[in-house]
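What follows are several structures.
Shared chain: chain A. Partners: chain B in the first complex, chain C in the second.
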Partner chain A sequence: MVTPQATTEPDPILVVDGLTGGFGRTGESPQVLRDVSFQIPRGRLSAIVGETGSGKSITALSVIGLAPAGFTRTRGSIGFEGRDLAGLDDRQYQAIRGSRIAMVFQDARASLNPTFSIGYQLAATIRRHTGVSRSAARAAAEEALVGVRIPDVKRRMKQYPHQFSGGMAQRVALALALSCRPNLLLLDEPTTGLDATIQADVMDLIVELSERDGLSVCLITHDLGVVGQHCDHVVVMRSGRVVERADARDLFESPRHPYTRQLLAASELGGHA
Partner chain B sequence: MPSPGAGSAGQVEGAANSGPILRVDGVTMRFKVAGNRQLTAVDNVVLEVHAGESVALVGESGSGKSTLARCLVSLLEPTAGVVSLDGRQVSGLRGAARRRVYQDIQLVFQDTNGSLNPRWTVRSILDEPLRAYSDRDPGQRDTRVRELMRQVELDESLLTRRPAELSGGQRQRVGLARALAVEPKVLVLDEPTASLDLSTRGQVLDLIGRIQRETGLACVLISHDLPVVRHIADRVFVMYLGTIVESGPTEEVFRRPVHPYTRALVAAAPVARYRAPRDDYRLRGEIPSAMDLPSGCLLAGRCPSAIPSCFEVRPHLVHIGAIGSGRMAACPVSAAAIASAPVPSAPAR
Partner chain C sequence: MTSDALVSLPVRGAGMATRRGGGLRSRRILGKLAGAVIVVWGVVTLTFLMSRVVAPDPTTLLVPPQATQAHRAAVRHELGLDSSLVVQYGHFLRNLAHGDLGESFSTGLPVTKDLSQRLPATIELGLLALVVGTLVGVLVGVFAAIHADSVIDHGLRAVVVTGLAMPQFWLGLSLLSVFFVQLGVLPAPIGRLPVGVDPPPTITHLYLVDALLTGQWSVFVDSLRQLILPAATIGAGVFSPIARVTRTAMVEALSSDYVRTARSLGFSPARVHFIFALRNALLPIITMTANAVAFALSGAVLVEGVFGWPGIGQYALTAIQQSDFPGLQGFVLYVAVLYVLIYVVVDILYTFADPRLRR
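Right, the complex of A and B next:
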């Protein structure tokens, strides 16, 4: 096994170090994260890639303190803004989640509440985090939807999640995540299941927003095309371990781990120029 | 890895001595929907597939690919048009004649989760079509089941498992084996790799390629994964809102798309390299409902190249001879641009 390449990031926004854990009472059997260590550079786009079940989502969920019930962290730290988040309790996490670190979950539609209108959900989230008046929250919600380029916002505010296409639901989830101006945005497969045409739109939007707000973004994805196009730093996971981490250019031009090479080969399939 | 779809060469050879194995002539499929309205899912599609050839259908969700696939295998009776297999008309057949045709064309479903009976073991799933469509005795059927497992590279120990006890890749292989059981001449694969991750996807594709080489099977592949299409298909048909908007040899179509829709599809799928040069050609908005189709070009509302006349006249699929044989597209604007600036044909490979 090739040791993950050390990176020299001067001022990372997130430093995950030795994260280890699993399901079951002791968190030891079976282990799903094994000594996961990586850094997310500030103000740029990074990616975590790897096959199904490799532990990408659990890692991201651990970072925002939402690891699924039954998951136990046995070791490791999560450094963010000078603190170790791994030790925080639920109340301390509340203060960070949403306003400092936000996450868009795999399958955005499922994370929207089907029984409330889009406008109501957005405004409620904004009020919860900022405590502004009802009408100010409504205005901020409209602005957030305009920001993610939802057409016809006044009408859309009154609609329910099922009336939104997959691409639209994804934009709403993005608006929701960005509404409280986080510094770090975690996106779990933000475009999986969408048509390539819509994926491209959503990715363009993510890149534009991150540039506008100087946001640090960590993308979990299977799409190495998107990684090559937009990301600066890449973490490759397999079976709960980080097998390679590298600047994107190095990863594509001189992958070190055989598994990374395998992923790249599979993405190019036809090997076309 | 085997070489990608062999471009123009494969197609011509297949056509040399015999007619097409599959002919689709003007197939249209309309559905009745609430409020006594109609929805046109597939509109006047024409295509031919030759023995041993692979063609692909690409297009966004909702463009009618699965509906067309269901018409091909007689799961749907088209509203208009004719599907023929090996020169025999399929549509409207009943009884034994229909069963014989059914053996010749098999569909591998988009969702293997829903299409394999969850209560059956892999053995029963593979045995069922043999019992229904062949007169093999139990011993011969057992031999055939084992042969199929070898063909799709599954261990015989999996024969006693049920679908829920298999991984996605294994389930996809069982679906493939079931389709191959009755030795079809044409295999229709609906998004065979959509639910698989990258490494499994490569394996399943290699498997399909190998089986095709060994058996001379023709394939109709439905996918919106362009690298997959490039890997497998000799020719590609690009579908939008039920109509074919472009067709031709896969490599040539993807290298030099004529129709704006094709160009946008290619531009939207970045290749897995560091900052590969990219084409910013984007469609506006999302695919509209198939219920209220505009009278002009179906793409006009989203097309970056549209001119006023596009909103009035529905273009037809026509030959675009200027850029090589076998190329067709339904966009007079692009066709005119090519005609006024002809590019030397047959780009060097």
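Right, the complex of A and C next:
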């Protein structure tokens, strides 16, 4: 096995180190994360790739403190803005979620609350973290929707998730996640299940927003095409381990780990090493 | 109307969101009300027919067995039972349209008067049981869902299942034997007030409220003490099914993507549970609460019997025993109107609870 290449990023926004854990009472059996270590560079797009079940989602959820019930972290630290998130209590974590770190999930329509209007969900989130007045929150909510290129914002504010298409709903989910200006955005397969053209639109929007706001983005995806096109840094995972970390360009040109080569070959994108 | 005579109201799930084009919400409600009138008319007509055809001739109960044939005929004539069914039905409908439900064979008073005397007792007891039973049921359901599959959840489930399985009159008798007979901390089952205590001045007919409004504290306390055990008994029948559906709906909501999103946005667990998740669990809770309202306000016959509660359930029981057609018809009319009203209100509440049901 090839030792993961050490990243020498000067000032990473996220430093995950030795993250280990699993399900079951002791987090030993079955173990789903084994000594996961990687860094997410600041202000750029990174990707976590790997086959189904390799632990990508659990890793991202652990970062935001929402690992599923039953998952126990047995070891490791999550460095973010000078703190180890692994040591935070619930309240401290709640203050960070949504405001410093946000996450967008796969099925956007399911991830919006069907019984509250889009405007309410946005304004409530903004008020949660800023405590501004209702009217200020509504204005900020409209702004957030404009920011993700949703047309006819005034009318959309009053609508409910079932009145949005998948692509539009994913924009709303992005607006929600970005409404309190987080520094780190985690995206767990944000475009899976959308039409190809809409996937491309949403990806373009994500890239544009990250450039505009200097946002650090960690994208979990199966789509190596997207990685090659947009991402600077790649973390490759397999059965709970990080097998390779590299700049995207290097990875596509000369994948070091045999598993990475397999992945690239399977996606018919690279692997000409 | 025993506890298991709950008529299930139709459940409308989110998946069945109707999207009939055109009409306004108010028009839909009007349509519902028109349908409601037809349902009430149907139920009342059916009761009329059943009571005339199936029930025993009330004159046999009103007239001594040794009475002459002539006397018997005179009584039948007086009660209007000697004319043809069609004529009787015509009479019945005409009177009904005038708000006249006839005179009770057993009390000799107008049925409307009988009902208006007994309804407040049933309503006061029913409302108290409903408010407490629903609140506790929802809270326990949410709590159990949050701690799903823990020891707490299993313990609560045992309580709920017991509440569902135990016959109401049996629970009432058990409570009486503990709190009245053995501990002596609550009063005898003799109705709404202890002997010798006068009701408060009438404002709403609900003793608790009237006593409060007129500042009669001792009457308030007396009346509350009389209410506790019967309300607890009916409240248990309200609590158990509501706790059960709340738990089920909340478990589903809590495992949803939108709850995970709310958490990922930093909302506190209280906000996530009681606002974001509970709102989504409301449809089945509304349905079950509607069933509970129907059950509690139509007079739990056996519970009223156990506690000597002078409500509508007892009146219905007497009417059945004595073939008191007008009394029984009055009761059935009340229950039919109650159910239909609940149905209409539930339909409106659904659209408030779930935007997918709106147009």
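One rule holds in what follows: the second predicted complex is superposed on the first by the 268 of 273 C-alpha atoms of A that agree within 3 Å, B and C clash if a C-alpha of one lies under 4 Å from a C-alpha of the other, contacts with A are read in each partner's own complex, and residues count from 1 in each chain.
As a convention for this text, contacts are C-beta pairs under 8 Å (C-beta built on N, C-alpha and C of every residue); 3 or more make two chains touch, one makes a residue touch a chain.
Just so it is clear, the structure is predicted and the values come from calculations on it, not from any experiment.
Considered on the superposed chain A, chain B and chain C are sterically compatible, since they fit side by side.
In the superposed pair of complexes, A:G43 makes contact with neither chain B nor chain C.
Contacts of A:A200 after superposition on the shared chain: chain B is touched, whereas chain C is not. In the superposed model, A:A248 lies in contact with chain B only, and not with chain C. In the superposition on chain A, A:G79 contacts neither chain B nor chain C.
Looking at the shared chain after the overlay, A:T52 reaches chain B, while chain C stays out of its contact range. Between chain B and chain C, the smallest C-alpha to C-alpha distance in the superposed model amounts to 7 Å. Within chain A, no residue touches chain B in one complex and chain C in the other.
Within the complex, the chain B residues that touch chain A are 1, 4-5, 60-61, 168, 197-202, 205, 224, 226-228, 230-231, 251, 254, 264-265, 267-276, 278, 282-283, 285-287. Touching chain C in their complex are the following residues of chain A: 64, 66, 90, 94-99, 102-103, 105, 107, 110-117, 124-125, 128-129, 160, 162, 173, 176-177, 180. Note for the complex: chain C touches chain A at residues 14, 17, 256-258, 260-269, 276, 279-280, 282, 353-356.
On the side of chain A, the complex with chain B involves touching residues 51-52, 151, 165, 167-168, 195-201, 204, 222, 224-229, 248-249, 251-253, 262-272.
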